Amino acid sequence: MIKSRSRLALALYALMAVLCIPFLFPTWWMITSSFKPVSEIFAFPPTLLPRQFVTDAYGRVFELQPFARQYFNSLYIAVAVTTGTLAFSSLAGYAFARIRFPGANLLFMLVLTGLLIPSEVTIVPLFQMFLDVGAVNTHWPLILVPMLGAPSALQTFIMRQFFSGLPHELEDAARIDGLGRFAIYHRIALPLAKPALAAVGIFTFLYSWNLYLEPIVFLSSPDKFTLPQALTQFVDAYGGPMWNIQLAAASLTAIPVLVVFVIAQKQFIEGLAYTGLKG
Amino acid sequence: MAQDHPLPSISPDVRRSWWTPARRDHFIGYLFILPQITGLVVFVLVPLALMAWYSLNEWNVLAGTFSFVGLGNYEKLATDPALPGVLWASACFSVGLVLFNLSLALLLAVLLNQKLAGTVVFRTIFFSPVVVSLVAWAIVWRFLLQQDGGINAVLRMLSIDGPNWLRGPNTAMVSVIVVQVVKNVGLNMVLFLAALQNVPQELYEAARVDGASRWTQFFRITVPLISPTVLLTSIITVAGSLQVFAQIAVLTEGGPGTSTTVLVYYLYQQAFQFHFFGYGASLAMLLLLIVGALTYLQWSLRKAWVYDND
Amino acid sequence: MKRTITTTLCLTALLALAPTAFMTPAQAADGLSLRMAVWTGNAKHLALLNGIADAYKAKHPEIGTITFDTIPYDNYTTTLTTQIAGGNAPDLAWILESAAPDFVGSGALLALDDTLSSTAGYDFADLSPSATALWRQDGKLFAYPFSTSPYAIFANLDIIAAAGQKSPADLIAAGSWNWQTVATEAAAVHAKSGKNGVEIRDFDYKDWTLLTTVWDGWAARPWSADGKTCTLDSSDMADAMAFLHKAIFKDGAIPGPGTSGDFFAGDTAFSITQISRASLLKDGAFKWDLVPLPAGPKGSYSVIGQAGIGVFKNGKHPQDAAAFLAFLSSPENSLKLAQFFPPPRLSQLNAETLGKTNPLLSKSQLEEVVVKGITTGKVSPSHTNNAQIAQQIRASLDAAWTPDADLPAVLSGACAKIGPLLAH
């Protein structure tokens, strides 16, 4: 019995280890290659560790671009989008789940529509609109559209699904205690919604952090660029990419988020499971 | 609520007759959704209306010509010889992506949900591609998928002669799907894992007492109980699959031939590369119709297959 | 309740007002501002451009700012188009060679002849006619070809010698520098050393316009000179493609689709690319030479790659932008730009001038390859509605890049696809 259990465990480990390869190798390659000289990066067969360990690419990242500034831009935009989305999506999600008002279904269809819009589809009208109010080459389009436009619809959808799954009894009790709608939302529903808020927060942060098309279209001065856009700017005199520097910059953008995930994942996943994110 | 904020005392009869508690609740409901709905109207409905208008015009952006052509672009759409192939590629891509993504996410979640030491490490590894820059990700994979790239080198060790992945119509499609799934499956995996941890253990114990096999337990207990999460992830994944663009641009540019030219990529080509903006707008309307229909279908079928104890 | 209302109303008001109230106004610098879209993010390029802009501003107080907006190369034309569609055309922009007919033919650009020829000291007649041909329509010049770079062959002499083959210089001296010998040598190198023979750099079995560097040896072009008829199914093209196909799949002279290898990393005997890539050569990594493209069955030929600068009519200050372009491309500044971008000026197209800024190349290399290339070279074919036609050809040619491809069928199929587009 014990033997068969441990044999099963061994098989599971082996399976997971094999499955890891496609997930791990590209990231591994990206990080290790940033420490290789250019000539070694595309050497065949690829080397698992740099034969010649060099770190000057990391210094060059900061020399060639206002990279610290761009890092700050990405960070503050992502934080602003995440904070705003958490507030507005939880409000809207709560109302769609709990308050019965005329037209709710129709308005929820609008949310579902938002869920379906690829950003390529509306980029030109959005650009025209932001140009009209003088907001091109500012960070406003990158904050407002993800926070309230099509990308936020998914977050409202998740919040609605979550609040729908909460037992009614809690709220009924609060209502008998004389709490108003906002107080119920604020003091009862939101604390229970921590796991869903965690999911929404992570989705939103990653969405904003990785946004690529919009910054390219809306921003034009390097000190306003965001990180994914900055990655494409490390090019040599003929427009060819400077691989080691690009990869160093890409590693710098990925590693902190990864570290935060490692630290926070226990709370995140177990939090999600705590009351269960209902579909 | 009434205790905190007593109603104004003037003409209480009139107020009561119109400003009923129900009306007041409606009002609060509207206030709650106001920011989100305002945003969706301004950043989704208005742009869509503009796109609908553009689809009735021929707009050559470079030449600066803009002229009303009525349904001309839709006639072109109906007779475009390339469109059936594009729709077929989109269907293959979406079906393949959704099936592979959801089943891999579920498999990984089930593996991680076993009580084994060290699953945190694996969990991190499976999630890590989510945070890697899309461009870096696609470039590494293009390198790995080459004729003499890393994947074929491994196959050669097993004495298999690997195909030229990105140059064969079928293998290119499979490659694009796999690269996309591996990049993003971590998100669905995390949602499934949370759902799995939420299934009460007593149910499994009861089933074991009844002598149910592991498979029976999985399909009779696990799957029904996580079905709400399956619905959520499938809606997200279906909608996402129809929006995939950057990976195709980096890996195959829609080729070989037009085998991986999906609808969004075709739209992008027409509007931005070929400068047929009006035609691109009509393709956008078509895309919207397809995604809307699919989501409506999933949403209205949910009662039939999603287990709900409410 | 009151708090609910107040909170939501405040948040909504904030959102409604945000775009106007919090927007920092565009810098209120004195004088007008010019904006030029470029695809380089290279610090040295931008420093050079900004230096020229500063010198211009010093002379012209009416100009407040001149900014160079970097748009990534991969999305360049798309992003530029989006900006134009949104009503935010830059004043000036770099224009890709492939997009030249669309931009020149669209009427979006300002004709430059009057401004350039009336600028003191400009010497408009100095611009090489072959360099400006692509950017003209109805006798007017619509963009300045700031970079005109010939295609040539870089040769790795170490690899060639190790495989016991003759050097390009010997072949040229013997009068046998032609595609047949190059292909034979390349195949021999590949067979003996496993290194790659001839690479068509950046072609990657996608950007077929680079095949012009071979096709022209057979006088094979995808469409007729007037742009109306497809000639992919001509016998010249059939011969050229048969040569390429045999070299790729039978002889192994050209690395096949999806094969890695990089001349500048020392993996390859010959590389067809633009001379500007000489900067990628590392000191002493291997012995190399730079030689003109070999002759084809239809004689010798040269091919150039270009990029232009245009002024948008719909920009905010087209006349000021044109005046700045005249300064940017003056003889003096053209010389400065020459360290990165080979100039179109006949007076500067000589080995002495070019040698100062291209120290890696010898005088004879400059003379034979660069000067001759620029003065006699033809650009790759391009056409109005180029992107769509190029895409159709790429999709059709994909079927040619397999060992058992039916070339005549592929080529006539390609003509069936693009014929209607050309005639349009």
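Per-chain numbering from 1; labels A, B and C assigned in written order.
The rule we apply is simple: a contact is a pair of C-beta atoms (placed from the backbone, for glycine too) under 8 Å apart; a residue touches a chain by one contact, two chains touch by 3 or more.
Given the structure is predicted, the values throughout are model-derived calculations rather than measurements.
J.: What's the contact topology between the chains, one of line, ring, star, complete, other?
T.: Per interface graph, the chains form a complete graph.
J.: Quick one: point me to the chain whose Cα centre is farthest from that of chain A.
T.: C
J.: Take the average of all CA coordinates in chain A, do the same for chain B, and state the distance between these two points in whole angstrom.
T.: Between these chains, centre-to-centre, one finds 15 Å.
J.: In whole angstrom, how far does the Cα centroid of chain A sit from the Cα centroid of chain C?
T.: It comes to 37 Å between the two C-alpha centres.
J.: Could you tell me which residues belong to chain C and also touch two or more other chains?
T.: Within chain C, the residues that touch at least two other chains are 1, 4, 8, 11, 15, 82, 85, 260.
J.: Can you list the residues of chain B that touch 2 or more other chains?
T.: 1, 4-5, 28, 32, 35, 38-39, 143, 148, 268, 277
J.: Of all the residues in chain A, which ones touch at least 2 other chains?
T.: In chain A, residues 42, 44, 88, 91, 124, 128, 144, 148, 180-182, 232 touch at least two other chains, as defined above.
J.: Which stretch or stretches of chain C touch chain B in the complex?
T.: For this pair, the touching residues of chain C are 1-2, 4-5, 8-9, 11-12, 15-16, 77-78, 81-82, 84-85, 102-103, 106-108, 205-206, 256-260, 314, 385, 387-388, 391, 394-396, 398-399, 401-402.
J.: Given the complex with chain A, which residues does chain B contribute to the contact?
T.: Contact set of chain B toward chain A: 1-5, 25-26, 28-30, 32-33, 35-48, 50-51, 54, 108, 111, 114, 116, 118, 120, 122-137, 140-141, 143-144, 148, 150, 153, 178, 182, 186-187, 190-191, 193-198, 227-233, 235-236, 239, 242-243, 245-246, 264, 267-268, 271, 277, 284, 287-288, 291-292, 295-296, 299, 306, 310.
J.: How about chain A: which of its residues touch chain B in the complex?
T.: Against chain B, chain A makes touches at 9, 12-13, 15-16, 19-20, 22-27, 29-30, 42, 44-46, 88-89, 91-92, 94-96, 99-102, 104, 107, 110-122, 124-126, 128-129, 144-145, 147-150, 152-154, 156-158, 161, 164-165, 175, 178-182, 185, 195, 199, 203, 206, 209-210, 212-213, 227-228, 231-232, 246-247, 250, 253-254, 257-258, 261-262, 265-266, 268-270, 272-273, 275-279.
J.: Please name which positions on chain A make contact with chain C in the complex.
T.: Contact set of chain A toward chain C: 39, 42-44, 63-65, 87-88, 91, 123-124, 127-128, 130-131, 133-138, 140, 144, 148, 180-182, 216-217, 220-222, 229, 232-240.
J.: So in the complex, the part of chain C that touches chain A is made up of which residues?
T.: 1, 3-4, 7-8, 11, 15, 18-20, 22-26, 35, 39-45, 67, 69-75, 79, 82-83, 85-88, 260, 262, 265, 274, 276-277, 279-280, 282, 340
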